[in-house]
Amino acid sequence: MLKNIDPLLSPDLLMVLRSMGHGDDIAIVDANFPAAAMARRLVRLDGLAATDVTNAILSVMPLDDFVPEAAWRMEVVGDPQAEQPIFDEFRAILARHEGSNFRLASLERFAFYEQAKAAYAIVSTGERRLYGNIILKKGVVRD
Amino acid sequence: MLKNIDPLLSPDLLMVLRSMGHGDDIAIVDANFPAAAMARRLVRLDGLAATDVTNAILSVMPLDDFVPEAAWRMEVVGDPQAEQPIFDEFRAILARHEGSNFRLASLERFAFYEQAKAAYAIVSTGERRLYGNIILKKGVVRD
Amino acid sequence: MLKNIDPLLSPDLLMVLRSMGHGDDIAIVDANFPAAAMARRLVRLDGLAATDVTNAILSVMPLDDFVPEAAWRMEVVGDPQAEQPIFDEFRAILARHEGSNFRLASLERFAFYEQAKAAYAIVSTGERRLYGNIILKKGVVRD
Amino acid sequence: MLKNIDPLLSPDLLMVLRSMGHGDDIAIVDANFPAAAMARRLVRLDGLAATDVTNAILSVMPLDDFVPEAAWRMEVVGDPQAEQPIFDEFRAILARHEGSNFRLASLERFAFYEQAKAAYAIVSTGERRLYGNIILKKGVVRD
Amino acid sequence: MLKNIDPLLSPDLLMVLRSMGHGDDIAIVDANFPAAAMARRLVRLDGLAATDVTNAILSVMPLDDFVPEAAWRMEVVGDPQAEQPIFDEFRAILARHEGSNFRLASLERFAFYEQAKAAYAIVSTGERRLYGNIILKKGVVRD
Amino acid sequence: MLKNIDPLLSPDLLMVLRSMGHGDDIAIVDANFPAAAMARRLVRLDGLAATDVTNAILSVMPLDDFVPEAAWRMEVVGDPQAEQPIFDEFRAILARHEGSNFRLASLERFAFYEQAKAAYAIVSTGERRLYGNIILKKGVVRD
Amino acid sequence: MLKNIDPLLSPDLLMVLRSMGHGDDIAIVDANFPAAAMARRLVRLDGLAATDVTNAILSVMPLDDFVPEAAWRMEVVGDPQAEQPIFDEFRAILARHEGSNFRLASLERFAFYEQAKAAYAIVSTGERRLYGNIILKKGVVRD
Amino acid sequence: MLKNIDPLLSPDLLMVLRSMGHGDDIAIVDANFPAAAMARRLVRLDGLAATDVTNAILSVMPLDDFVPEAAWRMEVVGDPQAEQPIFDEFRAILARHEGSNFRLASLERFAFYEQAKAAYAIVSTGERRLYGNIILKKGVVRD
Amino acid sequence: MLKNIDPLLSPDLLMVLRSMGHGDDIAIVDANFPAAAMARRLVRLDGLAATDVTNAILSVMPLDDFVPEAAWRMEVVGDPQAEQPIFDEFRAILARHEGSNFRLASLERFAFYEQAKAAYAIVSTGERRLYGNIILKKGVVRD
Amino acid sequence: MLKNIDPLLSPDLLMVLRSMGHGDDIAIVDANFPAAAMARRLVRLDGLAATDVTNAILSVMPLDDFVPEAAWRMEVVGDPQAEQPIFDEFRAILARHEGSNFRLASLERFAFYEQAKAAYAIVSTGERRLYGNIILKKGVVRD
């Protein structure tokens, strides 16, 4: 553990986040997501909620403000407008770290898979709630 | 995740537990323990309580009943008889899986370090409570 | 060995199954199948029957119920409708774990090869019976 | 699989046996033996009986006839003269391959551990019977 | 060395042959063949004749009888019908192990190269005779 | 780069610091120190001052308060009481992060070498000033 | 450190520069650049200015004079003619090492990314200024 | 060093040459050639002349006489007919080992690069003369 | 294969011999010798006679003439003065390469094992004759 | 190659020299020295004179002036006071780089071996002259 750094950020995850640059994506996925099959770099955080991991990541990683969208959830299969309880939790975490206007975009299931496969890393959590997956695009750290 | 197996048992931890044999030790240690420096094999479970990890491990791993002691906690430095709140939690978990007579032995701090270094593996958890460390000796699986 | 876990699930196989996610395939193949040439990840269980290994895998891995088919056998070359004694054994194992309506689909030999090559892992068994091969698609573990 | 070679001899085990020379030991151990912790080279044959594996090994590997003893079982703890059912099975397999006078020697438990640690390889089987462990010393292959 | 197994089958070659399955190819090539540049898996047997190595391989590996051709030699460049002394030796070895009707097919030089590149393994021998190259396709081992 | 984390903490250094536990040492050494020859784990930060690196490390890593000394400088060879300008800089950095009473202990040159060799990691900086070396012992992170 | 060689040239960077040949590119990029995701070979120099690193590299590496352009900066997004303060610093460093007529060419942002991905190596610096990225093409060392 | 073998043939180079077969290429290149970027297998012989290395290689490696050309130099850029002093040295070495009629063919610069990239190995020498590059195609070793 | 170099010297063996220096030992051992268990570096030449391999090695490797003994055979167990047919073959090979006065020394079996374990490499041959083992100490290559 | 750096300093050698610190040794040895058997890190420069390599190394590496001796040659066996022609060449190179008073110390042959084994690296050259070996101790680089 370290001072002033969320303890959910494990040694591997810290190194991954610190190595990422402007425009690199990271996916935080639930316990049923095929993360090992898809990830370029895999970080496991078994037993933790995707929302807690997302909150820990956003405490040190800014999102990209050069592009119209920098955070994506997966759309409910067959009902792209449907809500899930975890979506509002993701929005509240984004608002806390990036401002209340930050928009959580959405991707159809297989488009989400393709973007996750191309991401710099996938963090496999213990999230049990449905649609507990999010992709974040890293922004610029300014002085 | 798998059916009928505690989801806190990560892929690495499951492989370690399945590979261990009669008499091999595993140490479950808190977030401040120097696990990376001491471990022959290191499994990380950041963010989880040592008690939850111990409970998950004992759901699949029996303790050794060929020897008088098969579970050890660390003694409070300077006060070997002192209790800590987590000790009773460890005892309750042992009772649930191994019977109410199972004894939680103790080791002086540096003796605990030596036994952890010789263990088959160390599981580094996110436990924040004081003295949140335990060593378990695997027993025989009978039909 | 571990308590409550079929001992045919070796350390490597347990880790593979635990790492797989929703929609990942695993192939269990007979002793003559070119598994080493085709597998992304190879698990060997020499000397065991494919049916026993399939039964052990299904004791911890649910099959996918989001798609119309989640288990495939290879069709007899030149006679796609033909039965083999092992097919009914596979069906009985599927019924035991997934319900009596679960359908064992079939694939032409070379289509079976292509799907096995793309699978997350291939388990090479000691099965000596003809057409002793099956592919299983992992489902979602629900609470 | 290969013609004229017992199919229980997996690719790894065949390579190990073929690489061993005069005087090298191999241990075949039961499912509870701490093989992963002790082995210089580990071969897993989960699910198989130690007797079947021993029989397969002796079909290709001669025992050492330069020394008075070339096969050892573990003694029953606390009762070195005690018999176990599997001992006679081991003796029958030795007689079949090496002649009816071949002697199965014995080692006290911790002496057995020390010799297993020094062996060229340990084969971890699925043997569930008590004291299902044997060490074999390779002999010379003559024309 | 092992009992009942041709000593020309080295540890690596035994493991390769045991790992191959139905339909996998193995090429046995002469001392001038560009084996290191082409092989997926390379086994070296410097100093040995390709015919002796072929004989040793066929003592444990059956050829494929599901397809019209399962053994190929290279055609003489510029004279596809021409014979070489080693061709009859290859035919005699095939007859000894697979029956007198087994046919040695032929491939034009560059077609032979392409099939060798795709083979499971190439065995580089010390064969000095011209056109001392053969590709064998593994068959099914039946009870 | 990350928010709220000193950018001098490189990906490797962050992972090292996050992996260290209570009582593990880290050495920050100057540009002439034989770091590559001595380090168990080597982190390079060429071009940076040892004082800046020490300051960055102490922004996230607490020092050990269970022991009488947790920070050591090297003594001037032949004059153990002598001061060097960089010593007061080290003391000021320690005071900023650990309180004004925190003591900078000292070690004779070869004792310093021995402790650096046993440290969890050595950070090789571009420090050009004489005696620009310090060893820090990690403390406990409390809530 | 070495005599007569800029100490900012770390062991890894020296080896990379010495291994490069005529026509190979090296990119020196700022602290927000996605270097780890794009680099064939990655050299980290955290905490240093891109201009200081460029100056150190040009003290030992000549630029290519066989081609019309051998140094490129990134164009300001949306304003390809715009200047940034660091551009003149790059020009001054080029003039010092390659002569006052040496031209700093420019590339649109995504063209710069493509050339950086194809470069022999990327050096990730701690540069915080906007557009602090440059690509250099190695020339011939003449007697 | 070995008896009867040119000492310029280093351990790595000897192994590469011995592993090459009929039709494999090897490129010997000058000190400015981008060898590390292009080589499938790289052998370094810093400080040596390309002509000395070529001479040493041809003392053990025959050139291919099945094809019209088996040795290539790079053409002078912009003047394909131009001579360079080193060309006659290459011709003399070829004549010494392969006979006075052996022809040194030529390739345009980028065609030379493509053939070098596809070669079995590139030997990077310390050659300082212009156009000090040659590609050799290995022939058959006859009794 | 290469010109002027015995084709029994495989790529690995050539590299080993070329890397050895004055005073390094190499052991050439028979097919029953426990070479894999003892060797620091293992070279396999299955199927070849130890005498042929020894002859090939001595065609390029001089023996040490700074010490009284530079070639050793193993003594017959229990009869140190006894001769074996292969001993005279070894002596003839030594005489051919090193002169007729070169002495073949002997070592008791376990002393031979100790020297083989310390050797730079062990070459495991297919030698079937009794006591077909020899250790050679490399000498200086003079102009 | 690089500007202002001796081209005999290969990529590996440059990295080794740059990584060494105050007090680390490097041995430059002749073509018969058992370098591969003794070296912690081995750098090969086949074909070059030890004197040229020593000169190149001293162009960038200062010698240690904290200790009475920082350069050692090997003593002639049996005649410790004897001179060899290469000794004066070594002295001249030392004088050119370190001043005319710099002393070339000597070590008995086996003491030289022990110090070479403990050195940070050994550089194996093509030196053919007798006693062409030297050990150098790196000094401090001052501003």
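Labels for the chains are A, B, C, D, E, F, G, H, I and J, by order of writing; each one numbers its residues from 1.
Definition applied: a residue touches a chain if its C-beta (ideal position, glycine included) is under 8 Å from a C-beta of that chain, and two chains touch if they have at least 3 such contacts.
All figures in this text were calculated on a predicted structure; none of them were measured in a lab.
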Going chain by chain, each one touching the next, work out the least steps from chain B to chain J.
2
If we look at chain C and chain H, which chains touch each of them?
E
When the contacting C-beta pairs are counted for B-F and for A-F, which pair yields the higher total?
A-F
So, what's the distance in Å between the C-alpha centres of chain D and chain C?
32
Between chain E and chain G, tell me the centre distance in angstrom, where each centre is the average of that chain's C-alpha atoms.
53
Each of the following residues of chain J touches two or more other chains, namely 1, 7, 9-12, 19, 31-32, 36, 128, 141
Provide the full list of chain pairs in touch.
A-B, A-C, A-F, A-G, B-C, B-D, B-F, C-D, C-E, D-E, D-I, E-H, E-I, F-G, F-J, G-H, G-J, H-I, H-J, I-J
Under the touch definition given earlier, write down the residues of chain J that touch chain I in their complex.
31-37, 77, 128
If we count contacts the way the header does, which residues on chain J are in touch with chain G in the complex?
1-5, 7, 9-12, 14-19, 59-62, 141
Contacting residues of chain G [partner chain H, same complex]
19-24, 66, 120, 140-141, 143
Footprint of chain I on chain E - complex, ascending:
1, 7-12, 31-32, 36, 44-48, 52, 126, 128
